[in-house]
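Each of the next two complexes has chain A plus one other chain: chain B in the first, chain C in the second.
Showing the complex of A and B:
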């Protein structure tokens, strides 16, 4: 009897699946049909125009105060207003603030808000909400980013409903780059979640903001479904809805745009670019990323007085790496173009310092890089006394004490690093340098990195802000004990310039200082930066048009594109 | 009475195993090097105060157990700490209250995240297990009955191939084929943003999303079931009572159903029970390929993000399911074959 019952169950389930399979209103296909349908059918208003975005990530939380991932910030840009917006050309444009003025000394900033704005739930947005939000971000030390963005804030006041007066404790040049991330929260919702852990644990599942899109449905780790906010205070989006769907498999992501299951993808493996370029109705675009991640080859130079022994510093780095000649030789022995061609399949540009080219004016493109020249690299080591006296192919220290054998480690979750390590081993081997390579769990890597300095060379990277200040700060002497400096690099001139740039209010003068700082880092060969990767995205041409691809930075998932795309007629 | 003692003894072992797992689970993640407050978020924008606040929020500033600040034996802490204020006892205390902690990654309670994921996994694994058990048993029976014929050979070869296929590879191949030729969805469990006119449409959408992962899972597990079934049925078929049954003139179907199947099910129950426990986690590859929001994908993500509370919770859940599945298998044995119970006492 038991088997008979099972047979029935199978039959029922099979029937269900077959009917699901054959049943014609196929749900995955119908959106694309409806999209095409909007073109021809008169029943236009019945089927909403839904942009389907495929990406490999998902927001970690809808709570802006607690978020860490860039995917979260992509969603916040759509759902929230900030006083200002960052455009794809690196300029700041008015968002909730219509206009602004500042005092002579740059300490007092007055923002005039757009009048009669509303949150998604219909509640009016006033200057009081701005004051509440800024204070909320400032008052919680355990907010990962927001505290950092509000350190210069002395006080925030709202003299009337549309005026915000922000007083700083010191004049800073990069105020706007921080304000763009300070999303305006509705006080009436958040006031119940301001105490201690409640502020970070609040899930904010309604995501009530005042941005051009509002939340329709959210399933953590699966999708974020947004719809157009028709009460938006500026020209609203042309589409009705946007769905961000999370893919845990990049091949599936590529397959999804090929088969029309999504209309745009924010990333893809470089190996898929050639296939997708040949795919029907798909356009692949590349450009400088909006939020770049820079890959760095990090050379341990910590030792002596700079070793943070109180913080657990071991400083076991190879002594040769403290010698600029060795670092310079390694730079000359790094074939950046080959690395780009092989690892990035050409989708990158040669790197100079930790400030990537996508930072626009802050990036010093006048630096002449050390050319790939093995003869010169060998000569430098030879002249500096690193000779291979025992003929084993590996050079020794000038005093003969040890080989130029370096430990090379990278995080095991990196897809780029293993190939990078292998290629470095090849060219560096030709100048008599040997590498002992090992991938490490990021936890283990953190613990040998810094402030322990228990390594020789690391392949790792930083994510970047639109402003260069945070990135440059990892090279400061006072970041050695905190573990943010992974090199132990210390240069009083650089430290001094850092303070100057953080106070210089004239953009042109500040740019000069920032460029000088990059020159110093390049001159001292603190890092070797192999390349800057490009953003690679793709969209379907038969679904929506108007994607913004001609700006200095590429981000089809940015609010700028999603505001203007419209169904193909 | 005997049955009760047997049951009690089994339960006792199951409970002991779970207690052991709870302890192991806690220390497993503490012996790993590194600091969760820094590893997940290595960023120059994160101030020292913010790091400290995060550590305090997750209780990482407290000693691991009495006398040990961390599990680094070189760093002895103070022994004067109230044992109840150590991470271990707070963890155990929370567990007793049914709290699995807060995810480092999402700041959400681990229990609700695991609950959602478990439901999705049970759906996928359940469907696949039903298919593979049923087809595995049928194929095994047929192959054994027709042993050393072309039917047997084909079924055997197919099962061996299916069993040895790399799961993720099979998943990707089916994903490409299914989406290209059949237009099947390649991601998630429902199409977001769909307006379903009635529940049937929603079920159909779910069904379409289930087809590819279920098929992959079925193919992968089916082979094993078929092979085990075939070999045990072959054993059973050589028994005297089968000959007797044949001599009595019973039909093939009756012999297989009434005489061979039940006796051959014992090893099958073992494997199914073990698999049921493990497949809760074993769906990692399939769930990752098809972005199926189940437990396997949750574990995969949590490992990548070093989300220790989430991992602890997931491991505990898996351990409990494996132990429970084994317990059920043990109890089923005594039902299927009363000799086992007698042997125990």
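Showing the complex of A and C:
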């Protein structure tokens, strides 16, 4: 499920995933291999080896400064270089930068670039292009994502052609997770498009970068045709071309791989897994997604002084949801295993907080979840004074003013939410809670969500960065008026810890703080997170081999995989 | 008054028995109603029972245990189908009553009084007619509380325009007839004329139209459910289609999960259409004959020989 609000983070995540591939998967590879890729050479003379990738989306623009959708970032990861790459095991590896050092205080970073690199149009890539790109992202505040990755940058300089000196205004622990998204743009092309709105309006239809693939042909909403960049500064791809073909829906994708129309699909419905497993020459793979989607049940807790009335806050949430006892009872009445079994058909893991298990060490696996226990849930409500005094099967507020009847909304394009709502209605009904269910158009959902807070309970989702900072920031008090906070949750202790973790340079100590923050969120029952979904992808075995499926994260459409697949002979 | 007796149900039944379309439609509808009413007795499984599925037994093909296979949550399609008839029929009947009531009132009023009243009412009708129904229904459903009642209201309140225009034109022709003019001449009041002379002649059209509107209402309900805008716990045929379509039924090749609700909708809609058209032939005085005709076929079929 790729939900509307999660788009931007999903994009980010995918971008991360994709960026992982820019270089070779060999960690810290020496930059000895330059020039044309050797592996692909024998394919000359014969018909080119073309990998056909099927997906249900398409890039919204080829301009990295303006892109919103995750599909765009998949393409950027193939066509652009960044200083570093994010690998499928969650580590950062050298890409355009072959080595780097930093000052004692962590404020000054010096990157050494791979020498003699070129853009796709043959122009040499120098440190000046890096400086130009970083400043370009930094100087614009209207870029959906890029601006956010440069907030800690004080200045960028290029003392010579292969050295970049980056000075930060504050030492931050997650610099690498931001640098992997900062694609290096050719200054000679972009210098005419830097002023104001021209930057986001530039269509960039040539997509000149320095990555392992270059653009051959592009039709918006139809396909993106890439060919191998034989001048790539590291080992190049083993295939000649990659075509990303857009299909109208997931069912069409499944049919396309079944019939051999495509060689790989980036997504598919879980319900088609059994069918495809039985199909000839098709292998279905599941695993932790590179960009985890978190499905969350959002409980409206905004009210009183926290209601952002200046930003249009209505704060019509049911008063019972402000009571932790009620939220706790709902958590105890949520049968996560049943939800996973039925909605995801087992392809997921029980959720705890917004930080998903695929964030690796940042995920606090020591938290004991509230077990599914209807007796206990009933007891909690009973003890807190929520009794069903009129015998209609629905409990009332302690003062008898209202029933525990909650509005439950979800985006109408979600494929998991209707079944989720149905199952929640069943178990929550057994503790005397009634739900008024309704799907809403994603735009309508945004307008009631936040900062309006004109809802009781929502089912929605977030995509995640490889770094936990973003998902944690969603629950900060100062994000309530901005619309990023969907719950209206406010806890000064949590806010303090957030600032601490954003400055803590020691990874172990930072992990401790991040774990503590998850404990607080879990203790306060800010969200109910039913599950973390697995990525489900499939590839054909009769045309290409070498897809990377043994890494901690699964992303066949990541550069990492597309760099190493080779034709079956 | 003969006008009343002509359209009494005994007469309708006698004529309808001779009309194969009406009979076929009636049988089809009756079958659907019986299935809906006795759903708990007929359905082999309880569609609200607890679920237990694994990735390999969703969309199970038809078998002895599940005659029509299972859906994306491992539920029996036949049982869902049987229970789904309830929602579709309830929405169909109630929404069409609302539509026909509103449309009938507006049509008769506009047609009988004419002049400014007609102008205002018919312009309102025209406006409602040109607003695309579906987007408006989607918006209204989103704005109101999600319940079966609201879906019924939305469909009913949007679907009356066709009836209004039809009834108006019938009223226009009826009110020019001699017996209406005579009634006016001897000083009968508007209400009396409407009730004793106009309404009885419009009623057959209304009955036939009601049945036709039922099919539109059922289609509209299925559309809204298919778009995922209905309460997911309300099991209707549109909802079944929605789940099968959005949750990979096509990929899984689960034709049973897609075809059955579709067939159900076709069955009821076809039944309504046949019955409605059959009734129209039987009842519509403009199509056959009416109580003042000398012979049964004095008025030609169609509207060519409109009386002065």
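Worth pointing out:
Everything that follows uses one rule, which is that the second predicted complex is superposed on the first by the 525 of 569 C-alpha atoms of A that agree within 3 Å, B and C clash if a C-alpha of one lies under 4 Å from a C-alpha of the other, contacts with A are read in each partner's own complex, and residues count from 1 in each chain.
By definition in this document, contacts are C-beta pairs under 8 Å (C-beta built on N, C-alpha and C of every residue); 3 or more make two chains touch, one makes a residue touch a chain.
What you see is a predicted model, and the numbers here were worked out from it, not measured in a lab.
Legend: residue contacts after superposition of the two complexes on their common chain; A:251 is shown touching both chain B and chain C. When the two complexes are overlaid on their common chain A, residue A:444 makes contact with chain B and with chain C alike. In the superposed model, A:269 lies in contact with chain C only, and not with chain B. Looking at the shared chain after the overlay, A:167 reaches neither chain B nor chain C.
Within the superposed three-chain model, A:541 lies out of touch with both chain B and chain C [touch as defined at top]. Put chain B and chain C next to each other and count what each touches on chain A; the higher total goes to B.
Applying the stated contact rule after C-alpha superposition, one finds that A:379 touches neither chain B nor chain C. Of the two partner chains, chain B is the only one that A:61 touches; chain C does not reach it.
Of the two partner chains placed by the overlay, only chain C lies in contact with A:436; chain B stays clear of it. Look at A:316: by the touch rule set out above, it reaches neither chain B nor chain C.
In the superposition on chain A, chain A positions 251, 255, 413, 441, 444 are in contact with chain B in one complex as well as with chain C in the other. Those residues of chain A lying in contact with chain B across their complex are 3, 6-7, 9-10, 13, 16-17, 19-21, 23, 25-31, 50, 52, 54, 60-61, 63, 66, 68, 140-145, 147-149, 151, 197, 200-201, 203, 216-217, 219-223, 225, 241, 243, 245-249, 251-253, 255-256, 258-259, 261, 413, 441-444, 446-447, 462-463, 465, 470-471, 473-474, 479, 482-484. Contacts from chain C toward chain A in the complex involve residues 51-56, 58-59, 72-74, 138, 142, 145-147, 227-229, 231-233, 242-243, 246-253.
Contact residues of chain B toward chain A in the complex are 32-36, 38-50, 52-54, 56-57, 102, 105-108, 113, 116, 127, 130-131, 133-134, 137, 172, 175-176, 179-180, 182-189, 191-194, 201, 203-208, 210-211, 257, 261, 287-291, 293, 297-298, 300-301, 304, 306. The residues of chain A lying in touch with chain C in their complex are 250-251, 254-255, 268-276, 338, 341-342, 345-347, 412-413, 415, 418-419, 421-423, 425, 436-441, 444.
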